[in-house]
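Shared between the two complexes below is chain A, which pairs with chain B and chain C, respectively.
Let's turn to the complex of A and B:
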């Protein structure tokens, strides 16, 4: 019974923790501009994150060591450093965006300017990272993130013509006013948002924090293969709400308030309150995950003690990194930079960094010295190699698309 | 000695090319039209956001701070659209169009500002407010096909 409850808790937190500021903003932007014609990219991204999260979770469960730890050892310090730099920059950008997202969510209920809220949010994130147990961070914020199901309820309540809505799923239904370059730019951004690198680092390091063993591989797979796709459905619901309410009115999404507006139209104050709680939980949870990921990555690469399963004094370097990164993130936001713009940049550059993140995972997952009989099978390798090709195309296309479309403006 | 000269020439050429030290081109009519169209599209989005925010608040489906943040953000974004447009170099013979565009954006900005003022005061039952926003939206929609 306890095992089933663990599976259920893991799946629920995986659903609630799947969406972050990148998914919220990008899916709403895409829904408002392209309808559902880019949903196939969400599906592609969710399958991709499942493939690589399962590999990194399996590595953690079998070897008892996290991804970065093994990448440096298996591929050498030079490749490890490349991997570290690429993923760290993107994770730091995402951390900044998430802290900004928490401040924006609080602004919606207080009308206090988000810049004034940033120091308090950053302090709260750091206190949680320092004091709270890993399982508490994951479970409480993951479960609260489930309130984003409000988007699915709102979409149902809006009562769209489902047949008509489904007919917009085809890429051929791209609005005529939008160019294919802009369509491709948002496709890459959606893909980057779904496959953002910190998710696998957090997932594998979390496995070590929770002391997964080979016996936990089944539970881990249930979390990944059930939780992540259901989390992906939330992304589609966000895009669907924007398609039904914002697109017909010509509203382009540039603020977090606009993301929640369709829920207010459909469900009123109570529904909106539930979803804004979801904004807070999703961004605060992701801020903790990205913050921890920066600490995990650096500590694992340089080989010093890390993790929340040891006392802070035993992992002093790890906690100093968390503090420095939090101060840095708050400092960037205090310059007045728009968190939504940081989010847009982070999801696109996430796509650029994807090969640096996922190629080493595929290599380690094929090494029998680490994984023994749990090495990748043919199917996992087929998917892994296939996705590496897709990831490489997205990474190569990302920067030219930024230039050609002026960050998706047209 | 020749090597040093060559390096200097290359560095000067690269600096000149990258610092915009080139002939100043005439304003491009097509580019101006494209930017004018983009400005109208962006302004339409802000006015529509303000309208939907006011309508939702009027129906008591959203709390006041949420509405206030929405319309304040829309007002700020309208200001950016106006600023960006005012910096465009107008091509020869398009002065009239540029003036019309500026007037259109001023009216749209005034409508959004009006919505923000009503939101600050918590007054959403003024029927004139929605009329002002509707008129601004209509004018923007008509202008959208002009450029």
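Let's turn to the complex of A and C:
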């Protein structure tokens, strides 16, 4: 019985923890501008993150090696360092965006300008990273994040013509006013938001934190193959709400409040309050995950002790990094930069950094030295290689698309 | 330590873990000592930026190493790597297990590093190979890895062979060393890139000249294909 409860808890936290500021903003923006014509990218991205999260989780369970260990072992110190710099920049950008997202969620509740809230949010994030237990962070914020189901309820309450809505799923339904270049730009952004590299850093390092063994592979797979797709459905619900409410009014999403607007329309104040709680939990949880991920990647490249499974004094360097990163993120936000803009930049650059992270995972997932009998099967390899190609195309296309569309303005 | 392994593939850059399961460092480089009989024995793991930075490539590595040394000019010992004696290594799996706790473990050699008989694996890797045409080696061959085997008399290990081939990307991926099906596209590509790679047994006909920066291989050397 306890085992089933554990599986259930894992799946629920995986659903609630799946959505972060990148998914919230990008899905709402895309829904408001392109309707559901880009949903296929979300599906592609969610399947992709499942494929690679399962591999990295399996490697962590069998060999105890987290993702950045593999990056350095398989790419060597020089390419590994290049990867470290790129991934750290993207993860730090995401961390900044998440802390900004928490502040924006609190601004919706308190009407206090988010810049004033940033120092308090950053302090709270750091205290949680320092003092709270790993499982507590994951479970509490993951379960609270489930309140984002409010978007699915809102979509149902809005009562759109489902047949008509389903007919807009095809890429051919791109609104005529939008160019194919902006369509491709937002496609890459959605893909980057779904497959953000920190997710595998965090997932595999979390596996080591929780001392997974071979016996936990089944539970891990349940989390990935049930939790992630259901979390992805929340992303689609966000896009759906924006399609039904915002798109006909021609409202472009520029604030977090506009992301929640369709819920207010459908469910009133209580519904809005519930999803704002979801915004808070999702961004706070992701802030903890990205913050930890910066520490994980640096420590795993250089080899010093990391993790919350030891006392902070035993992983002093790791905790110093977390503090420095939190201060840095708060400092950037205190300049008054718009967190939504940081989010937009972070998801696109995520797409650029993807291949360097996912390639070593695919290689090691085939290495019997690490995995013994748990090596990739044909199907996992087929998907892995297929995705590697898709990821490479997205990474190569990202920067030209940024230039051509001026970050999706054009 | 049991079994044979390829040092660059199986030891370099791996996580070092102490007897209490705490993380210590990475294997930033490996120290090899040339014995009186000419044998090459791994004697220590080298740790820290002075060991890691030179591995960033010949030019970039030099610049970084020099800059690092100048930055900490006042501190004695900062320019030499810390060592972990190879005797303290209990087992090499996907991590390197030590038989002692980590506290106070890392320190540089008291006598400094300058001893002609000690060379770094990082310096050996990438050395150009000057091979006689009769050996059948590719003319742009470099040292890609060293194969370490246990000595029958007990715990000691010794370098038994060099892996040489044209220095192309992917040597660290391991596909050139084993025939298991990887994702076939990647595996086949790496195997094709490394089709000229060979294992050259240390012994007559093989001369490692680190100061002059080359490895000379004559026709007397025993050359075998890398895969099976």
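The rule we apply is simple: the second predicted complex is superposed on the first by the 408 of 410 C-alpha atoms of A that agree within 3 Å, B and C clash if a C-alpha of one lies under 4 Å from a C-alpha of the other, contacts with A are read in each partner's own complex, and residues count from 1 in each chain.
Quick note on the criterion: contacts are C-beta pairs under 8 Å (C-beta built on N, C-alpha and C of every residue); 3 or more make two chains touch, one makes a residue touch a chain.
Treat the numbers as computed from the prediction; the structure is a model and nothing was measured.
Peer 1: Could you look at A:108 and tell me whether it touches chain B, chain C, both or neither (first, second, both, neither)?
Peer 2: In the superposition, A:108 touches chain B alone.
Peer 1: I'd like to know which partner A:362 touches here: chain B for first, chain C for second, both or neither.
Peer 2: In the superposition, A:362 contacts chain C only.
Peer 1: Per the contact definition in the header, classify A:4: touching chain B only (first), chain C only (second), both, or neither.
Peer 2: In the superposition, A:4 contacts neither chain B nor chain C.
Peer 1: State whether A:81 touches chain B only (first), chain C only (second), both chains, or neither.
Peer 2: Touch status of A:81: second partner only.
Peer 1: Based on the superposed arrangement, let me know which partner A:72 touches: chain B (first), chain C (second), both, or neither?
Peer 2: second
Peer 1: Give the label of whichever partner, chain B or chain C, reaches more residues of chain A.
Peer 2: C
Peer 1: Which holds for A:130: it touches chain B only (first), chain C only (second), both, or neither?
Peer 2: neither
Peer 1: Kindly classify A:264 by the partners it touches after superposition: chain B alone (first), chain C alone (second), both, or neither?
Peer 2: Only chain B; A:264 stays clear of chain C.
Peer 1: Once the two structures are superposed, pull the chain A residues common to the chain B and chain C interfaces.
Peer 2: none
Peer 1: List the residues on chain A that touch chain B in their complex, please.
Peer 2: Checking each residue of chain A against chain B gives 107-111, 245, 249-252, 254-255, 257-258, 260-261, 264-265, 267-269, 272-273, 276, 409-410.
Peer 1: Considering the complex alone, what residue numbers of chain C touch chain A?
Peer 2: 10, 13-16, 22-26, 28, 52, 55-57, 60, 93-95, 172-174, 178, 180-187
Peer 1: Which chain A residues qualify as touching chain C in the complex?
Peer 2: 63-65, 69, 72-78, 80-81, 299-306, 310, 314, 362-363, 366-370, 375-376, 381-382, 384-385
Peer 1: Please output the residues of chain B touching chain A within their complex, sorted ascending.
Peer 2: For this pair, the touching residues of chain B are 34, 38, 41-42, 44-45, 48-49, 51-53, 56, 60-66, 68-70, 73, 77.
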